[in-house]
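What follows is a single structure, and I will ask about it in a moment.
Letters A, B, C, D, E and F name the chains as they come in the text, with residue numbers starting at 1 for each one.
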Amino acid sequence: MEAVLLGMVLMLSIFLGFELIAKVPATLHTPLMSGANAISGITIVGALISAGAQLGTVSTVLGALAVMFATINVVGGYLVTNRMLSMFKKKETGNTGDRT
Amino acid sequence: MEAVLLGMVLMLSIFLGFELIAKVPATLHTPLMSGANAISGITIVGALISAGAQLGTVSTVLGALAVMFATINVVGGYLVTNRMLSMFKKKETGNTGDRT
Amino acid sequence: MSIELINVWYIVAAALFVFGLKQLGSPATAVRGNLLSSVGMLLAVAATLFNAEVLTFEWIIGAAILGAIIGFVAAEKVAMTSMPEMVALFNGSGGIASLFVGWAALYNLDNSTFTYITIVLSIVIGGLTFTGSILAWGKLSEVMPSRAIVFGAQRFVNALLLVALLVCSVLFCLDPSSTSPYLYAIVGLACLFGVMAVLPIGGADMPVVISLLNSYSGLAACAAGFAIHNNILIVAGAMVGAAGIILTNIMCKAMNRSLTNVLFSGFGAAKQASKVEGEVKPINSEDASLILEAAQSVTFVPGYGMAVAQAQHVVRELGELLEQNGAEVTYAIHPVAGRMPGHMNVLLAESNVPYDQLVEMDDINPRIDNIDVAVVIGANDVVNPAARTDENSPIYGMPIINVDHARTVFVLKRSMASGFSGADNPLFFGENTRMLFGDAKASLSEVISHFK
Amino acid sequence: MSIELINVWYIVAAALFVFGLKQLGSPATAVRGNLLSSVGMLLAVAATLFNAEVLTFEWIIGAAILGAIIGFVAAEKVAMTSMPEMVALFNGSGGIASLFVGWAALYNLDNSTFTYITIVLSIVIGGLTFTGSILAWGKLSEVMPSRAIVFGAQRFVNALLLVALLVCSVLFCLDPSSTSPYLYAIVGLACLFGVMAVLPIGGADMPVVISLLNSYSGLAACAAGFAIHNNILIVAGAMVGAAGIILTNIMCKAMNRSLTNVLFSGFGAAKQASKVEGEVKPINSEDASLILEAAQSVTFVPGYGMAVAQAQHVVRELGELLEQNGAEVTYAIHPVAGRMPGHMNVLLAESNVPYDQLVEMDDINPRIDNIDVAVVIGANDVVNPAARTDENSPIYGMPIINVDHARTVFVLKRSMASGFSGADNPLFFGENTRMLFGDAKASLSEVISHFK
Amino acid sequence: MQIGVPRETWPGELRVAMVPQNVKKLIQLGFSITVESGAGVAAGFADEAYAEAGAAVAADHGAVISTADVLACVRKPKAEDIEHLKSGVVSISFLDPFNEQSLVESMASQGAVAISMEMIPRSTRAQKMDALSSQANLAGYVTIIQASFHSAKILPMMMTPAGTIAPARVFIIGAGVAGLQAIATAKRLGARVEAFDTRPVVAEQVQSLGAKFVEIDLGEMGQTEQGYATELTPEQLELQREGQKAVIANADIVVTTAQLFGRPAPVIVGRDMIEGMKPGSVVIDMAVETGGNVEGSVLDEVVEINGVKVIGQGNLPSEVAKNASEMYSNNLFNLLTEFWDDESKTLNLDPEDEIISACVITRDGAVVNETIKNIYSGA
Amino acid sequence: MQIGVPRETWPGELRVAMVPQNVKKLIQLGFSITVESGAGVAAGFADEAYAEAGAAVAADHGAVISTADVLACVRKPKAEDIEHLKSGVVSISFLDPFNEQSLVESMASQGAVAISMEMIPRSTRAQKMDALSSQANLAGYVTIIQASFHSAKILPMMMTPAGTIAPARVFIIGAGVAGLQAIATAKRLGARVEAFDTRPVVAEQVQSLGAKFVEIDLGEMGQTEQGYATELTPEQLELQREGQKAVIANADIVVTTAQLFGRPAPVIVGRDMIEGMKPGSVVIDMAVETGGNVEGSVLDEVVEINGVKVIGQGNLPSEVAKNASEMYSNNLFNLLTEFWDDESKTLNLDPEDEIISACVITRDGAVVNETIKNIYSGA
């Protein structure tokens, strides 16, 4: 039953993802991509569980590796996105550097 | 756990509902309301379960009543919506009868 | 069918609802959207019938057939003009159905407190949706007086009702049982509250109320879903609930009202009968575009401000958009508008406004009562009703374009400043006047951008 | 913390992701959006640490600190201009993390077949995201040649790879074990496939590829979520996956390409070097508006068709919009455009185009190479390159406005019909030409409506 | 009441004070009207049209004058007609009371109620009777038509196979009613238009027509309550001439409209400036009748100075006599109906009314208008 | 090579064949240029400007004529000048070869290469040399300026306190180059414009300027390869006049531009139609020089018929002599540079070239142009 519920969750999430990114100005494409990339680092949650669950050394090592990579993704992703966005705040219609 | 999962489902559904009805032309307000009303007749599913579950006469009678009312809502709702919409097809910019 | 398989079907049904709702939002796909969502409903119902818990069918079949016939006949027979009240009735049935589902769920054996709370919610929301919808129907179909019904202690009574409802609910949840007296109290109070909530709302605001109640009936279904742990009820109910709220909000905006204003203006009216005057009602460009979209006749009244803003091109553009939208568009030119004779003509000719859409003051005034929206673009003195009414005004006696007689007036200017003559303008405080502040060209461009 | 409570926090985190993504879509709120979503991430991580299954922390802390330092340094040190490659690298780490999570999940004891399938999915998608991203980084940072790399049997090799991957996956699922040799085969093949998929794509298309890989890494997380039955992974992963697909699509449109064209044009190029000519590439108004939005210099080239369509007002309006958007806008007037001397001047003056934006043919031609988009509005003969190149053309020798030298050319006309002189126009088949068919006024109005 | 509409005899005057359309309406209100034969011909209104509208057409000038209760003229009545006027006659015309003391006084002694159309106040309420504005408006249009007629250059820009013609540069000095209409007309024809006025408030009005306002700092400036400009000091005038020099040198067409109500016009374009202009350019002096804004301009003549045509055409509204007559006639009609008492069928010229008190110059045998009285007694 | 630019002596001709701007460029290319003193004055180009541009200014007309290798004129050379021409001189002008047989023949016998600017083909390539178009374009503008100058009505609409003035109705007959520019100018001034042409293809062009095309069914119609209209049969002309009647009666301004290349213009506006118009209206006959489209029009005069002014002003481009000269001069410049051989510093007038074969009338002592030869031998 839980798997099915998760299916419902999946379906709703996909729709929501589609709807959210309906009309985005071109200048935001790169930051948006980067921001979404940071969110996809959510796999860190899985990594944490794997690394912490003590299912054997291999599993723990794999988990730890996963934690490291996922952390890179999360930390780097959010920071980079933030840097990109703070560029916009300064010069409002800055069309440079974000031509996609 | 399941209740929590349902909570997740709830959250996603609400967001999705918000996102879906972003910009709707005025002419469609009434049909859209009517169409949404038909969907809210989904309570029929609950009614069916209540009516069929044999948890005692009271429950069954309540369920049956619920089935009846919900059916009215569903059948009437869809049909009425359809009638409204078929009006539009005929005269494209028919601004009459749908001023909200 | 296993409960898992049923739920897979529910996912499909939910997806169909999503598609359906989405497509209902655009004229080109609305019919298809309605069809999709009805297929989803069929799927959901069919899958449910395979539910292992569903044992007897006699009751179900009887009730369903009865309901289907009633629904069908009602939907087919109703005149096109009384659709809204019909929707109200259907909505009411949905509400009471949720109430019953919640109630019936009390007879389940293994309910947790959380479940009881959701049961109470489904009963309360279902009940008030039911009676509220019936009342809305009554007002719309003029079975009962459609005006706002208000009496002195209304606010107080309503507050009391709410408190009572809350208390009963808590007491019930503390000791839930299908025979608890609080149960009946809750049902009764909820129904009563539905009536009380709709009573003070006038007939003209009913579509908004119905939309709101529609949102509630979705929430009721959602609550019922929690009560019986049913997925599809939660998804569909929540989605409709959210969509309904948004839609209600859009409709309020199109009427140039706020939701609180719609719901509570009745109360306000009871207490302070004639305080309306002297209040400036600003409007934003988005709401303005919604109102213009619904208008069937629009007249533009340009003045010196249009020239200052060099807004003639955007004016014509908006005019063309409105015409394409089916509205009748005219440009009413006051002889002294602007700062030189024929000032407006020069500008409107430049922007290619057809000569036959220009009308003189004497031609527009007799029919201005039938104009849905008069858009005053940077004009002031030439639409100043003080010229008719205020003997002390420096422009008393000058004939003006009586935009204040139009159904709605938009005034586009940057501030409350007066015009050439320096006279104060009571038009800005009119009941049916909305001020769209800002440079006329910028404001109109925004209005146009909202007009897709 | 109970698993239920953790999941409640997950719900909150998911809601924050939704808000975050939504707000990232608008310049005014993007910064806040990113913040919200990072708070969501923090919540999710924190809640997870309370998970009863998480027993040891040493590994975690070490790995996390290492990862955080790397991520921080990389993000802070990277030059503004090499952001895209940095995003690619981060994305790759996400991919390989998913691969590891899936792999580690093999060591769970009570996996169902369904779970094994999702494990394989998370490994495959994670793996190809990883190598694909690394390669994309390589191409962008010019560590390796950025051009499309193609070789003869590429298609065949790729097909073979896919089949092998599929076979191994099936075999693995039939007899899943953490020591199955198929597991290693799957990992290897997935990584190889990632490389092969990105190899034939040119450097200029990399942003699209990164966006697509980004979507994949979301899907990998989602698959990993199923593998370990974790809610938030599914929600966030699926949402990012869907958003990524949409975004990829938008980006393709803004580049005036289709996704398949981006992904497979390299293959095509390998086989048929010079077939490009003779093909008319239509464009729709929405895509045209996306391209115009990104342009920094736009020149309009009006011709007789603008006059026929009476499109002068919309032209000016679009010009103004583009200027507000930061683009430099000019109107290049050919001396014989239209049907009488000065025809274009009359119309553009009517619509109030400032005189200093009008440029003569001899002034625009030397700098037309630097124009991002030349918009040809109902002109034909005056932009016909045959006048330069084709001695047999009736207009051979007439100087023309060399719009074919601009980076992109839009031609707005109703058909492929020729102009006054009856000469065929090779411009319409140009590599950088897009035809926007339809009445010029209608087309431009549509373009404007997409320009919010 | 009997309205008399004599034929205008002023040299070059083509307008008529009342057009058939208004004749008809006035007769419906209860007036009776006599029109001198041929009065409207020059403006395009034949005697038959008047007859059709219900007026009596009389060949005898004297009869029209002597039977009228209301005498409707464009120009001031001739001195020799005054003695034939009925006592109590309401005489409406551009009376020019500032310069016509003897005429005004003879009208007073004849017992006429002399209304001077120039003196209609410039209030929002009186605008429909404001003939000065209605005629100035047309005059502004005419200046540009005249200028383009005489110019060796076309006004619009043209990019053609035979080269690009730059738009003409037009400079308008004085942006009152006439100046604004001149701006609008020149803009319509595609010229680049610049304008200057001593009243800073009009800068916005100039821009509202899409033209450029030339900024010249003259120090403290003002306008009277009526919206008329105050006179410049000699220093200010010098500043203005200095500031305009460059603009004039670049201009293909210069139009001066700077009139000062009741006073001679200031000279603001000197010979030196004209000599600085390109040959083939045109200067139009709208104020030529009140002394001229342009040095060397001659009334009703086109003078050529160094290849520059200086046009001193007077009575510009008369150039579009048909529309000018219609508008003047409408002004008169609005004036008459505003004060017409429908019951007693008389004109009710209440001396307290602010319009009446401003525009009625003589009444009951005396000069009653305050401004005029002051000037006469001062002079 | 020596270019001679004599002063134009044709009565009323204010244009000059070469303006200083082009003089400069031609000298850079290797020409030398002599300009007769005073040649450009009427168009606004002083002798000093020519001198500054590098031309020699000669007071002696004879010298300019006799030294020239290329003679650049607006109008055809005077008969008495022909004998002084160098043999082999290239003479460029509006030669009017259809009507000037003896002049053309004397030029032939003098050995001149006579280029007729009227005969430049109307191909897209030749458009930059097409003086007929460039001058017709300006003439179209001038017609409306003249019409509004003479009209008793203003062209734009005005809604004013003194009543609403309806926009003038303008009817343009013949929408060629001049007619289209007339439409554009009248539209600019705010008139309601209608137009008619016998060639149905121009309906779209008329609409592209925002004017209305009057539909009159004349049966089968056509145009020549060059885009000129074919002549109407008498029945068709009658149909046209019938169809136009109502439009003309309503019009305030009528402009006729219907010329037929090389043939007398058809009479399309009869006296009856003029009499049907309102007094104060204006009719402009652009074809007056080739016989006139309007019955009663007189060259260079304003005739009044029943209160309607019929204007027969000839040589309209000369009214805006400055721009007209610039454009004509540009056309000449384009012609010269198109065939200038930069190495040999000579004009290379290849008889095979389609432009040269069309516009060169005489060469090597004979009339070489096919069309003209046929007409002369036919006549």
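We take it that contacts are C-beta pairs under 8 Å (C-beta built on N, C-alpha and C of every residue); 3 or more make two chains touch, one makes a residue touch a chain.
In this text, all values refer to a predicted model and were calculated from it rather than measured experimentally.
Chemist: Starting at chain B, what is the smallest number of hops through touching chains needed to reach chain F?
Modeler: Contact-graph shortest path, chain B to chain F, evaluates to 2.
Chemist: Give me the chains shared as neighbours by chain B and chain D.
Modeler: Common neighbours, chain B/chain D: A, C.
Chemist: For the Cα fit of chain A against chain B, please give the angle of the superposing rotation, nearest 5 degrees.
Modeler: Resulting rotation angle: about 180 degrees.
Chemist: Taking all residue numbers at the chain C/chain D interface, are over half used by both copies (same) or under half (different)?
Modeler: Same: most residue numbers at the chain C-chain D interface appear in both copies.
Chemist: Could you tell me the distance, in whole angstrom, between the mean C-alpha positions of chain A and chain D?
Modeler: 18
Chemist: Report the inter-chain centroid distance for chain C and chain F in whole angstrom, where each centroid is the mean of the CA atoms.
Modeler: Taking the average C-alpha coordinate of chain C and of chain F, the gap between them is 67 Å.
Chemist: How many angstrom lie between the CA centroids of chain E and chain F, rounded to a whole number?
Modeler: Each chain's C-alpha centroid was found; their separation is 39 Å.
Chemist: Which whole number of Å gives the spacing of the CA centres of chain A and chain E?
Modeler: 76
Chemist: Which residues belonging to chain D are in contact with no fewer than two other chains?
Modeler: In chain D, residues 18, 22, 231, 235, 310, 335-336, 341-342, 346, 349-350, 352, 452 touch at least two other chains, as defined above.
Chemist: Show the residues in chain F shared as contacts by 2 or more other chains, in ascending order.
Modeler: Only 127-128, 133-134, 137, 156, 158, 160-163, 165, 188, 190, 210 qualify.
Chemist: Multi-chain contacts in chain A: which residues touch at least two other chains?
Modeler: Residues 1-3, 5-6, 8-9, 12-13, 15-16, 20, 22 of chain A touch two or more partner chains.
Chemist: Could you list each pair of chains that touch one another?
Modeler: By the stated definition, chains touch in these pairs: A-B, A-C, A-D, B-C, B-D, C-D, C-E, C-F, D-E, D-F, E-F.
Chemist: Using the touch definition from the top, list the residues of chain B that touch chain C in their complex.
Modeler: Residues 2-3, 6, 9-10, 13-18, 20-56, 58-89, 92-93, 95, 97, 99-100 of chain B touch chain C in their complex.
Chemist: Enumerate the contact residues on chain C facing chain A in the complex.
Modeler: 3-4, 7-8, 10-11, 14-15, 18, 231, 235
Chemist: Using the touch rule from the top, collect the residues of chain D that touch chain F in their complex.
Modeler: Against chain F, the touching part of chain D is residues 304, 307-308, 310, 335-336, 338-343, 346-347, 349-350, 381, 394-398, 420-421.
Chemist: Which stretch or stretches of chain D touch chain E in the complex?
Modeler: 333-336, 341-342, 344-346, 349, 352, 355, 358, 360
Chemist: Spell out the part of chain E that touches chain D in their complex, as residue ranges.
Modeler: 156-165, 167, 190, 192, 210
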